[in-house]
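Please find the structures below.
Two complexes come next, and they have one chain in common, subunit A, joined by subunit B in the first and subunit C in the second.
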Partner chain A sequence: MREQYKFLLPSLIVALVVVAFPTVFLFYISFHRWIIFIQGIEFTGFGNFYSMITSREFIKSLQVTLIFVVTSGLLTFVLGLALALILSERLRGQGIIRTIITLPVIVPPVVAGFTWKFLLNREVGVIGGYLLPALGFQKSLLGDPHLALGSVILADVWSRTPLMFLILLAGLQAIPTEIYEAARIDGASYWQSFRKITFPLLKSAIIIALILRFIDAFNLFDTIFVMTTGGPGIATQTLPLLGWKTGFLYYNLGEAAALAVIMLFITMIVSLLLVRRIRQ
Partner chain B sequence: MRFVNRGCLVRGALYALLTLYLIFVLFPIVWLVLSSFKTHYQTLILPPKLIFKPTLQAYEKLLTGGMIKAFKNSLIIVGIDIVLALVFSIPAAYSLARFKTKLGENIGFWFLSIRMAPAFGVIVPLYIVIRNFRLLDTIFAVNISHLLLNLPFAIWLLKGYFEEMPIELEESALIDGATRFQALLRIVLPISLPMVVAVSILTFIFSWNEFLFAFVLTSSSGVTVPVLVASLAGTMRFDWPLMCAVSVGAMIPAFVFVFFVQRYIVRGLTLGALR
Partner chain C sequence: MLKSFKWFGLVLLVTGVVLLTLNAASLVAQQRPTIRIIAFAQGFAWPELFGTTGTERTELLKQLEDREGVNIEIEWGDEWAVRQKVLTDLIAHTGRYDIVLVGSDGGVQTYGAGGFLEPLDSYLEEHPSEYFDPNDVYPKFLDANRMPPGGPLYALPYYSFGAGIIYRKDIFDRYGLTPPKTTDELLKVLEKLKQGFERDGITDIYPITMRGAPGEEPTLDLAGFVYAYAGYPAWFEGGAITAEEIKKNKAKPIFTSEDFKKGFKAFVDILRKYGPPGASTHTWVDMMNIYAAGKAAILMPSAINGYAALGITENPDVKNNTRFAKIPVGPGGKQIQSFWTFSLGINKDSKHKLKAWRVLTYLVGKDSMQAFAERTQWPNVTMKSVLYSDVLLSKYGEEEIRLNEESILEADPYYFPYIPELTEFMDKIGTAASRAIAGEDVDTVLNELQTWALERMYKAGYYD
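Moving on to the complex of A and B:
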């Protein structure tokens, strides 16, 4: 018995240091007025939460985040599913195609952001400065508020579709081929077997993919930071960028912590709603 | 899904779509590499010349311009991070996998929650602690923060692997008088080598690519490669070839690894959610 506890000890210590401490301390900070360079830490109750939620920037950032997460999430999902379906057919050069499709997910997000910033640049970019103007489109992609959000979404789709593709492909490969053969013998069409076999059996993989993708997009910082730093104005400022700005540009750690707590609750609620769909 | 006897038309359309997507994926990477071999003037010309005399100017500037320090920092951070992550995660994962208690199960679930937390939320408490210890802008600070993020992940992956392993081998060793520690070291670890390697590589990729923590915790002497890329991209003096060269340098290590460990990546990225 004693040996068992000796072995459980490391995981307990690790859990305390890694999980318990940051979470507890984060909640503690969020209830205090905690600004670097200003002396004195005061308990303010829900003060930080109140001033965060009622600020106009928060509302705007919430909208931007919603548009970003939904659009980018749906696009990566549809593309990832299409690619996974195509690649589970017998194709020539499957291995190499799969490797190429996977590549962007291991490109550092900072580099992905920079690359797209370079490509879309109005002055020197091949796409934003040459291809689009040649087609008669003269606007600056990263300078226009609406187009900038679209550009950021494009870069995110490029860098994150592989993640969806890999999860959904793994899900597809777990479906036994015999089921399809039986369906074919019974005369089922491709579309019928997709709706009646693939989709129901893939459901849990789809939901896991959506949960991971939601968490990922909701917390995305690096790509947007490098491409636009939230600009022009605050047109591409998602919640993590607002949190960084509040905490590390204005040094208002209390409010930043409050925003982090709000985001944590949103993440938990959305994930739980999705998880419940697996159980059904 | 295998429908062999599909028309040529469908098959052709599939290939066409795939080709389009592959161009979308590869074009930015190829363009980045090409531009890194151009002179500053050549990157400014539009329409771009596809045939040009390549030059190593940008790479020379990278080596002589004091930027190599960021690469050195990143490599040191990643190296220490892998060793520490393994040293702490292996016993923890083993104990969670073999001794099932209510507490253990809860710990396992808590670990997952750290992945759900917004990164800038985790960094607020950490920043305060590191600032109070006067460790800002050191490699140590970045290392601690990366370890914090990597540990739960490493433990979760290894725990899943240990749980799938047959218990009989260890049991016979224990009956023969081996201690738990010996059983872990001599029997469990050699069998789990593939997973240990996979965890190391995923730790590498994560730590090498991580930006926010390194960015907030460092300012000059502890800077890592992603921070360098971001700071170059943020300056107004755009030296495009140099930025491209640094980006290429930042991509290479992960690319090298992927070809070795492709099959573990899915598992790693999905946190073992799919088996």
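Moving on to the complex of A and C:
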């Protein structure tokens, strides 16, 4: 046993320094008033938390985040599953098609954000400036508060569907084919096979994919920042963007830390609930 | 054999001398203090020192280092990344960066008030630098870096700008227009442009481009409109612009007052009616690109973006027909403002403040400013001698240079309050503007802004 701990020690030390210390410091700051142009750091208890969760901006950002996470998560799941189901069959050119579908995931989110920003740009974008106006759609996708969130979701779905696809494809390929053969012999239709065999056996992979997707979407910053900076107004301002603003624009490090702690707890609770589903 | 030994010995001796010299040089270099700078605009700022990649060690840089007895290192990033690095370095008091980039639209105010920057007045008096003549710098550019107004100087400006109109003379001529001198004339010009474009079936050129992205960006320009329409910085009662004044007079925010609303609404309405459809998300980059692409007849009030557009445009109509005009005057009797300096300050925790001062004065001094003008050919320089240098006079002519100078001389850098919370206010006001440009009711956004501002000022203890 002791030998095992000795091998574990270097990793533990690194984890302590890189992960544990910042996390503890984050919690510490969240309980203190620390505004950089005001001298001194003062203990405020839950003051930062109260101030944050009662602010209009937090409530609005939370709404935007929930809409973003649920919509983007659902769309990536449905599309990813559909692609996985189609491409799990033997098809001509399957390898090339899978490669092409996977390409967006290797594009960094910042680059994806810039790409979609220019594509959807109302003045010069291929989609926003030429294709849509030619079809009679004159509005600015990124400039309209009702459409901007949809545009950001579109970019995220494009970027993240391949990851869902890969996870679900791996899950599908782990299901023994004999079960399908037996079902076919018994006269089961495709939909019956999907409901009774595929979906139940894919559940673990689905939940893992959803956990990863949730964490990814909940914490997404770069794509949205690059595309809209949270605008127009605060129409696409999610919690990560609000946290960034609070810390780096408003210089209120205490409240920014409090928001980060709130986000950490939300992520932990959702992940735990989903993990429980796996165990069940 | 002996001859071979002699030659061998000679080669060894020469090699030894060379190695010793190199070692001595590297030892000297190692013993020299290192001055670290952090800035954005890699490849654009000081390429004569750091090359077009921002990572080269040019002869000029080496000469500067030898002259000042320092090693100079520079770290680059995009503006947001640099701001974050500056913030974390300053609050952690690590003193990693000796010279930090701060803007006059929040950085100077916040870091100056927080005591993170070294006051520079005593350096100007006791350690005058041959690189930097403060008398050659337009005073308004220095004033913008004092916190509070009239107080200690916390940074020196590199390239900087005042307000102006950049416009397409060919389009103006087509519709029989002249540059507007007042905001009423501006509205008439915009309406004529819009009607003219509609009549001629032009759907891909807009009368005007301004920035309306959420956050602090539009506030730099929108605050200029508020100032012009109200005749004063109508953010707090009585036009208070310092923390002291606000506290002393218990001056409350007045974002729902007619004085603030007039200018706010004018800015929003102009963009709604005459700007491109996506204006509520446009940053200065979008403004520049739209004008460069020939898709706007007017760019204002931050004319520097028009000069930047000239530098990148491939559209001959834009290249050959772009002109500068003075910014219009508003109903309040003041010009619309847009004023900003790319400023550098010395970290209070720097271990080599005097050496940093010497390097700083070179970075913002005559040679650097002249190099900037020759390279970019933008008239957005801080020094009179550079503004009237041959390179800019031959490019723009004396008339346009004189107009640019007037825009600087007539500017008021204090067209918005100089308070430590400035960045937060600018973000909130800009975001409110973005919402209004996108279609939300102006009164609703201003009511919310007022509610927020009042709570914020109470929380900050201004009215205790």
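What we mean here is this: the second predicted complex is superposed on the first by the 274 of 280 C-alpha atoms of A that agree within 3 Å, B and C clash if a C-alpha of one lies under 4 Å from a C-alpha of the other, contacts with A are read in each partner's own complex, and residues count from 1 in each chain.
Definition applied: contacts are C-beta pairs under 8 Å (C-beta built on N, C-alpha and C of every residue); 3 or more make two chains touch, one makes a residue touch a chain.
Keep in mind that this is a model prediction, so the values were computed, not measured.
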### Query
So, on subunit A, is it clash or fit between subunit B and subunit C?
clash
### Task
Using the superposition on chain A described above, determine whether A:W116 touches subunit B (first), subunit C (second), both, or neither.
first
### Task
May I ask you to decide whether A:T228 touches subunit B, subunit C, both, or neither, giving the answer as first, second, both or neither?
second
### Query
Who does A:L249 touch here: subunit B (first), subunit C (second), both, or neither?
second
### Task
With the two complexes superposed on chain A, say which partner A:P108 touches: subunit B (first), subunit C (second), both, or neither.
first
### Message
On the A-aligned overlay, A:L163 touches which partner chain: subunit B = first, subunit C = second, or both, or neither?
### Response
first
### Message
Which chain, subunit B or subunit C, ends up touching more residues of subunit A in the combined arrangement?
### Response
B
### Message
Once chain A of both complexes is superposed, is A:A260 in touch with subunit B (first), subunit C (second), both, or neither?
### Response
first
### Query
For subunit C, which of the listed stretches 2-10, 20-28, 56-64 or 74-82 runs into subunit B?
74-82
### Task
Kindly list the residues of subunit A that each of subunit B and subunit C touches, one partner per complex.
36, 123-124, 229, 248, 253
### Task
Using the touch definition up top, name the residues of subunit A that touch subunit C in the complex.
36-39, 51, 56, 121-124, 128, 138-140, 142-145, 148, 228-235, 237, 245, 248-253
### Task
Write out the stretch or stretches of subunit A touching subunit B in their complex.
3-4, 6-12, 14-15, 17-23, 25-26, 29, 34, 36, 79, 82-83, 85-86, 88-91, 97-119, 123-124, 126, 129-130, 134, 158, 163, 166-167, 169-172, 174-175, 177, 180-181, 184, 190, 193-194, 198, 205, 208, 212, 215, 218-219, 221-222, 225-226, 229, 239-240, 243-244, 247-248, 253, 256-257, 259-261, 263-264, 267-268, 271
#### Entry: In the complex with subunit A, residue positions of subunit B that touch it
1-4, 6, 14-15, 17-18, 21-22, 24-26, 28-29, 31-32, 35, 43-44, 46-48, 88-89, 91-96, 98-99, 101, 103-104, 107, 110-111, 113-129, 131, 148, 151-152, 155, 179-180, 205, 208-209, 211-212, 216, 225-226, 229-230, 233-234, 238, 240, 243-244, 247, 250-251, 254-255, 257-259, 262, 265-266, 269-271, 273-274
### Message
Which residues of subunit C touch subunit A once you look at their complex with the stated criterion?
### Response
80, 83-84, 87, 90-91, 110-111, 113-116, 204, 212-216, 276-281, 283, 286, 289-290, 293, 295, 420-421, 423-424, 427, 431-432, 434-435, 437-440, 445, 448, 452, 459
